[in-house]
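Here come two complexes built around chain A, the first alongside chain B, the second alongside chain C.
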Partner chain A sequence: MISVRDLTKVYTVPIKQPGLWGSLRSLVDRTTRDVVAVDGITFEVPEGQRVGFLGPNGAGKTTTLKMLTGLLHPTAGTCEVLGYRPKERATDFLRQVTLVMGQKQQLLWDLPPRETFALNRAVYGLTRTAWSDALDELVDLLDLAEVIDRPTRNLSLGQRMRAELCAALLHRPRVLFLDEPTIGLDVEVQALVRRFVRTYADRHGATVVLTSHDMADVAAIVDRVLLIGGGRLGFDGTLPTLSQTFGEGRRLEVRGADTDLGGIGLSRDDAGTWFVSGTAEAVNRALSAVLQAAPNADVTVTDPPLEEVLRRAFRAQGQAETPS
Partner chain B sequence: MGSLTQPLAVLGALVRVSLMTGMQYRANFLADVATGAIRTLSTLGPVLLVYSRTDTIAGWTLPEALLVLALYLLMEGFVGGVIEPNLSMVVEGVREGSLDLILLRPADAQLMISLRTVAPSRLWDLVGGVIVGGWALATLPSLPTPIDVGVAAVLMLSGVAAVYGLWILAICLSFWFVRVDNLRFVLWSAFDTGMWPIPVFQGWIRAVLTYLVPVAVMTSFPAMAITGRWSPALVAQGLAIGVAFLGISRWTWRRALASYTSASS
Partner chain C sequence: MTPAPDRLGTTLVRIGRALPELARVSVSRHVAYRAELTLWILTSLLPLVMLAVWSTVTEQAVIAGYGQTEVARYFVATLIVRQLTGAWVVWELGFLIRSGRLNTELLRPFPPLVVQATWMITALPFRLAVLSPIVAALVWWRPDLLAFPGWTALGLTAVSLALAWALNFLVQVCFGMLAFWFDRSDGLFELWTSLWFLLSGYVAPMAFFPDAWRGWLDWLPFRATLGTPVELLGGFSDPSRVGLDLFRQAAWVVVAFVLARVLWTRGLARYGAFGS
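On to the complex of A and B.
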């Protein structure tokens, strides 16, 4: 489905000295340096899998996505998607993939979304039946009925993003590339977008490759996580494995206890909450001790927050920057 | 859908969308029409002024010069109404990375970037061109033969291809140098010379306007055909220039896409 071998992208960027004098000098004497955005990554994605690329800003996530969709030509290495080499931009390849970018839009700004959808019917060469079937399904899933005939410029960001998704999926792509799809959206629309991606992928067996800063996106959508930092791949596995590898384990918190729980191995924070972290077994043992010692206390057991897990994972990979 | 009908369907859909966009803002649309009409009239001024002092320039009479002017207005309408607004969007798209979404479409990217929008104000130059052309034909001592008209049409198409190719070449530069807005002004200034018959110019200027900025192929060459000044060599020259510009621009466009760096998001 997706096969990537030693994929590398090097950008040549100009170096400009600061200030006006520097600008003048760079007019005649331009120096450049090479920036390695993606540094020889290798991975495979089987059909129907949902994969999340996670990494700090500048880690190479979007560059990888753009090479997989054929927008950027790799400097070295190869990638294949659905058996095609994306950079050749074969029509049959482009008909089966889509890229949704949270920060860029394809909707025609001055016209209602319906006109963009009609344009895409021609661009993707869809029959009227195929087009209207897909449109009916997407309008229903994305709750677009009231939005579709209003000029795009009059729509809210959330409405526009929903219409964007509709425009991007009218041709029923087999592979969805999503670049920060929920950026800037309010909580409700974020949840709708996540639900929608899952439903669409389940219904049509689509493969999803997602980049995001939003851990809730990752937790809700993907089956597999690829950590990328400094252009290299780190961890590759499922979310529970990621938590086990880099998390502190589960955490037990006890509030309103009327006895001292220090004797059974818990610590107390400034707010008076007793807590202990550790493996599932250790936490379970502590839990049964707590229930005997303080049966009326308010007890919670939580998994470590994904943000915390990632921060540790990036630190382990030698990344100073943490995801925002 | 067949491989030949699909580009036509895309073309139709693009033209439909760009006309609808153009007409979205009614007041703006009417203002565009007015400025278009004024510009057409003001282009006539210099030619009429010069011919009020003399009967011929380089052997061209007023009706013949008006024919060149009519073709110039058609070119202005085509370049200003269709080519320029679209290709400036490309320059913007390269700088901001918004070209991404065009390149993801399973349709010819060059077709998509060439026809995303039209500027209705400049399309009025086309109307002006037709009116001035009708006036020129009516005042010519004799009507052109059907063969002359056919040759003129072929040369005009070749000229359109050459000018379009030139503009694509200019746009391709933005993939490497990002900002090339000033180049557009240089091209426009060169195009302004197209309102005069090419024999008016001599030496290297004439060569530049024929081979480098092939405005003469679009304006003077068809006018030469209509006024019976054509030879097989002229037709061959015009066709070769059109084909060359189209071919070189297509090749360069493909090279430019490979150098597209998008913009980080």
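On to the complex of A and C.
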């Protein structure tokens, strides 16, 4: 489905010295430097999988998505999506993929979304029946009936984003690339978008590759997480595995114990609650011991927030701490 | 199994099928932006100014066979041809590339330049609608300004107009695509426009240039974008040279098309896809 081998993207960016002298000098002596945005990453995504592509700002997530959709040409390495090389922009490839970028729009600003949908029917070569069926389904899932015939400029951000999703999926793509799809949306619309992506992917067996700053998106949508930092891939696995690997913040709390649990490694706070924090494995061992020593106690195990897990994961990879 | 590449015939059929809907949506956009379009059209009325200037000059003496009547006929034809061959794709492309809005176009299985061409061709009826009362008033004032040139000349004018439109569009596409390399590609187009004003026949008929200059000026692309159809429409063309003039236009269209293809392919390879 998606096959990436040693994929690399290097941007050449001009460097200009500050001030007038720097401006004049750049006219005759143009200095550039290479910035490695993606550094030889390799991975596969099977059909129907939902993958979260996570990393700090500037890690190379969006650059990778743009190479996978053919917008950017790789500097080295290869990528194939559905058997196509994206940079060739074959018609049949473009008919089977979509890229949704939060806050960026394909909707025609002064016309109602229905006009953009009609335009997409023509440029994707959809039959009227296929278009109409897809439109009915998406209007229902995205709750768009009220807004489809109002000029786009008069729609709220949430309404526009829902209409954008509709426009991006009218051709029923098999692969969805979603770059920050919920950025800037209110909580209600974020939830709707997450629900919609899951429903669409389940119903049509679509493959999803997602980047997001919002960990709720990741938790709600993806089956698998790829961590990228400094253009390189780090962790590759499921969310539970990610939590186990980097989830040192897992905490076990025991209340109402009628025995001293200090002997099995727990500490006691001022309120009399026994507790221990550590890796998932350590906490699980402690839990087994607590259940044997104090079977009637009230036991609570809490996972650290996903943001915290990712911060630790990025730190472990030597990256900045802002998850994105 | 490696997927089959796109075939030219299939692509053309697909484009042909999409064109009616594309044209309909384009017309809707023009209606939405009608005020802006009207202002844009009215900014191209320089030929009326040139008509006044050259009328005054030719009041004193006939220049290269152009008296007041000929000058008036020439600039009315210029006014019409300018409106029917105008495009603004250089600014559209520059904006799309610099802002990253080209991403949206590239993700669609449809040539972005066909979308642009359709948008600009569907502006022609609006241009005619704004132009018609102006031309009607001029012809009412001076009925000899727009003599019927005959069906053959009219047919050749139509061919020449189509070639001039295509050349204008493709030249602008080439300059617009320089935005893949330069931040301010508009400035380079301004340079072209300055030369175009002088050498296309827009501010003065090409006949006003010395004969020695005409030999090579006629081979440049500028006259092919405006002067050639103006001379045909105004009845100034030498019948023995019409074939050569049309050939020059067609040749420049081919050159511009090939150049646009090369720039497109190379530009996409270095496109940064920044922004949206």
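Convention: the second predicted complex is superposed on the first by the 270 of 324 C-alpha atoms of A that agree within 3 Å, B and C clash if a C-alpha of one lies under 4 Å from a C-alpha of the other, contacts with A are read in each partner's own complex, and residues count from 1 in each chain.
As a convention for this text, a residue touches a chain if its C-beta (ideal position, glycine included) is under 8 Å from a C-beta of that chain, and two chains touch if they have at least 3 such contacts.
Fair warning: this is a prediction, and the values are worked out from it, not measured in the lab.
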Exercise for review: Mind checking the superposed model to see whether chain B and chain C fit together on chain A or clash?
Suggested key: clash
Check your understanding: Touch check for A:217: first (chain B), second (chain C), both, or neither?
Key -> neither
Review point. Between chain B (first) and chain C (second), which, if any, makes contact with A:39: first, second, both or neither?
Key: neither
Point to revise | Contacts of A:180 with chain B and chain C, given as first, second, both or neither | key: first
Review point. Should A:125 be classified as contacting the first partner (chain B), the second (chain C), both, or neither?
Key: both
Point to revise | chain B versus chain C as contact partner of A:106, first or second or both or neither | key: both
Exercise for review: Tell me which partner A:83 touches in the superposition: chain B (first), chain C (second), both or neither.
Suggested key: second
Practice item. Please indicate which partner A:95 is in contact with in the superposed arrangement: first for chain B, second for chain C, both, or neither. Key: both
Review point. Is there a shared patch on chain A that both chain B and chain C touch, and which residues make it up?
Key: 11, 66, 69-73, 89, 91-95, 97-99, 101, 103-106, 108, 110-111, 115, 118-119, 121-125
Check your understanding: Contact residues on chain A for chain B in the complex?
Key -> 11, 58, 62-63, 66, 69-73, 87, 89, 91-95, 97-99, 101-106, 108, 110-111, 115, 118-119, 121-125, 127, 151, 179-180
Point to revise | For the chain B and chain A complex, residues of the former touching the latter | key: 1, 6, 9-10, 12-14, 17, 20-21, 24-25, 97-98, 100-101, 103-107, 109, 112, 257-258, 260-262, 264-265
Check your understanding: Along chain A, where are the residues that touch chain C in the complex?
Key -> 11, 66, 69-73, 82-84, 88-95, 97-99, 101, 103-106, 108, 110-111, 115, 118-125
Point to revise | Complex interface listing, chain C residues touching chain A | key: 1-6, 11, 14, 17-22, 24-25, 28-29, 32-33, 100, 103-104, 106-110, 115, 268-273, 275-276
